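Next come two complexes, and both contain chain A; in the first it sits with chain B, in the second with chain C.
On to the complex of A and B.
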């Protein structure tokens, strides 16, 4: 195959793919020279990438606001908690994902036939519901609530999370380009019209919701060993719902890379700023969420086309002005 | 705790507060179309302010409710005319507005929760008031619960009469039905929305005051109260104010029976069971329109 022709036909792919490859190589080799702190920081950021990208995949495109990322994440964490002494870690990871998938399937089948508001209401309390169910289950099985998690090397967790994040991004990239992704966008645009066009809206919504929950569950399983000790309150903390939503909105849900940008920014901020002033920073995050929704509804990613539009408008004006001048001169 | 009648009456007493909680939320969603999930956090603010006023300044909690209610009314009013009106102006469609308003109220939930945590810390505080046992219909209950129920019923009836009998109430109902036409008929829609939002916040604050007279409160109580209010609102029918009150009493009885005969831990799972059955069988709720 002619190499120049290959480059010219796949220019866009190469333009995006090459930097991505470099980033991926950088990330994959990070534990070799990055040290414990940066490995851990990046693990957290990757976790938020998984959570926010999969949240935005469903809620961003359909407009059905799920407030329950923490519920699916917590299911993952507790899958590790319950199975850590009976099964090897690599086997637990898909099991946690599947349990989250099934929970989402159930929730979706009950609520996604109805208007979005019922779905939101149902998912809002799901975190409390799951944490109480798990607490009851735990005291039934072990006679106490809360347990210790077996430690794993930081690199193992990092690579597991990296693979999960890449898999999530790839899966969502392909879903966006598939019939399913198109169906989701049409549901977000006008659900009634989509249904009239022959889209089985309920099935599409339930399926995508369950897929997004699957990835959240995976992230939960992998993050469990980072937490030395878990109890239902820690595993089902509201922050795991709040942070992915903040990240997606800050980054912008219209673009594929928006939630990734948000996850990188706030994952870094959370990890570095948390400490003795943690409550003030969380307060600040809440304020940022409200301000971004009010003034920047399309997020950071929404700024790019806007600026591009303005810039090209200015350039066009200059060109036009130049041409008009030429015209006048002749 | 013993005996079915006692549990049922006790549930009705609790249910009055739930009704009050849900009525505010229902009003905000029904008219302003904002599913305010920060509602429970306003309950928390009301409860802890009552505690501070009672223990710090010796102000009777029922008087405190009369101070806190208007204060929260102001906060709700301001939120509507700044934040939610701004969101409405920006949003390309009604559905987009509802989604953004929901996420904004999620941000508010976080903000108010952390303000509460910074101001009052995470410890549970108790400001029991009128905490002695009185006989009622052959059974005995703590007096503060009876008083709280009575206050809740009086306020509930007052709000209902305001909505159905007054001129402003008619304007509110017209706006809920069709804001554009109501505006054309001379209703000041922005004013009505702000009023409803403020009224919802007021009801949350008063409910908080009443809660603080009979149980210990902390900055973490908001989330649970929001969940209860949401479930009651769905049961009563989204946007139906009398439905909310009736559903509040039903949920109160269920709570009391589950924690009396079974385990208090199972209350939330039972709520979820009810919610699931309801969404499958009759999503419009008991008094909602189809």
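On to the complex of A and C.
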């Protein structure tokens, strides 16, 4: 009795929550039966989920196209590099996040006055700049560039990434629904109008840029042990900037789950296909992306409302047809 | 009481004085019209008041407080809101969310979700858009987008509302509806300062009119006075009378 009532009042929550719970249980138990390969694959996918969702939170809603994910991700990787022998891994994770957060605050305060392409180019430059800074720092500290990262068990890395991904998704889900999310959207809609409606646009932009950098930094710290060896070129590889963007576009930025879908699909494809068809992989990747941009401007997530619209159109037509028949009969 | 007051307000763009030594004031409860030929500096003056542009020299006071150095979002929270000549709606949101932004952020205090929702409902009803609250704002016609801007501005709970060519591009029926709306807003206690080219509307609802030409104020007075002012007829009204015939 109570259960049926509960089901009817929380139907939507259950419809979404139950599958999510199953996915979570599946992921949480994966290392038990998945083996090394799938644990590693899922770790990579979850990393892309964190990067894409945090990128889309800021850039997707405000319209400020940031190419900086690689900078914040790299800061995370190198936080592990510099601190691995002095601090335990679980302590390094939040430190990497905070360092990225602070870097983004600093950069944001200077550059978020720039609009459009200028901001994008600056964030691109930031990746290169950070890579140089870290190289200089490394040779100063250790007398050489590049270092080995202490190995950690694959399950440890996987669980750290899973917890981070869940935390990121929850945080960003609530940010998107909060007034901070509304403020970001209003900046994307029309920044001047947003300012005139009382939105402190500069503060909102800097804050959300830094929040997104925090999550990217976390992911960087956790991925470092997977890499075994790092140097600035590996840590600050621009593909960590481009992949999250492509995944977000592919998945669709309008919906919260869009970048998640994009990251899952492309993360999987990248891992599995790159090994077998390394030359053709990027080509296929590019073609798929062009097709999506041309025919699905709102990404895969944009398919859902489109199909819903079509479906309800068909149903309405059928009903109308039915009614017309009835009329004809009477 | 003077709610808005400007003294020798000046704005240079490079060497060009877009607004030059303009003195003006708006009293509480008034509807004041601002007219003048294209390029006279009307919108620039509005941008100076709302904080979109910094003053070159002079001073603007709102409720006795200097606006110098304040950002648009701070000025909005003080109770001064505006609409835009070229509609600047939040194109990526439905109507309701557009107005919600004003309700949430326009007030100096933190507004609860329930209060904001209430204000949005009220503002949408006031401008007659209740039925379209879920519609994406870009699907609306120009006149309805302008209504959204008015509702959004009203949701910030302003004491003074700047309307920048609210009636440009509207047909005759829409103009008289807009005139009614403006009067209705004034009747709720909100003071109005409006830029307008539609003389019928200006003459119909404004208590006082200010005329700008080449950035300078050339006349100020009641509708009657302005309509008979020779300089104004020469630089502005005359043109229109010819155009109308």
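Going forward, the second predicted complex is superposed on the first by the 316 of 330 C-alpha atoms of A that agree within 3 Å, B and C clash if a C-alpha of one lies under 4 Å from a C-alpha of the other, contacts with A are read in each partner's own complex, and residues count from 1 in each chain.
In the analysis below, a contact is a pair of C-beta atoms (placed from the backbone, for glycine too) under 8 Å apart; a residue touches a chain by one contact, two chains touch by 3 or more.
Remember, predicted model here, so these are calculated numbers, not experimental data.
In the overlay built on the shared chain, the residue A:285 is in contact with chain B alone; chain C does not reach it. By the touch criterion defined above, A:67 lies against chain B but remains apart from chain C after alignment on the C-alpha atoms of chain A. In the superposed model, A:194 makes contact with chain C only, not with chain B. Look at A:235: by the touch rule set out above, it reaches neither chain B nor chain C.
Contacts of A:117 after superposition on the shared chain: chain B is touched, whereas chain C is not. Put chain B and chain C next to each other and count what each touches on chain A; the higher total goes to B.
Judged by the touch definition given at the top, the superposed model places A:249 against chain B, while chain C stays out of reach.
Put simply, chain A touches chain C in their complex at residues 179, 182-183, 185-186, 188-190, 192-201. Every residue of chain B that touches chain A in the complex is listed here, in rising order: 29, 35, 37, 83, 86-87, 90-91, 95-96, 98-100, 102-104, 106-111, 113-115, 117-118, 223-224, 226-227, 230-231, 233-234, 238, 263, 265-266, 268-269, 271-272, 275-276, 279-280, 283. Taken together, the chain A residues at the contact with chain B in this complex read 63, 65, 67, 110-111, 114, 116-118, 120-122, 124-125, 128-129, 132-133, 135-136, 238, 242, 245-246, 249, 279-280, 282-283, 285-287, 289-290, 293-294, 297.
Those residues of chain C that touch chain A in the shared complex are 50, 52, 71-73, 76-77, 81-82, 84, 88-93, 97-98, 100-102, 104-107, 152-153, 156.
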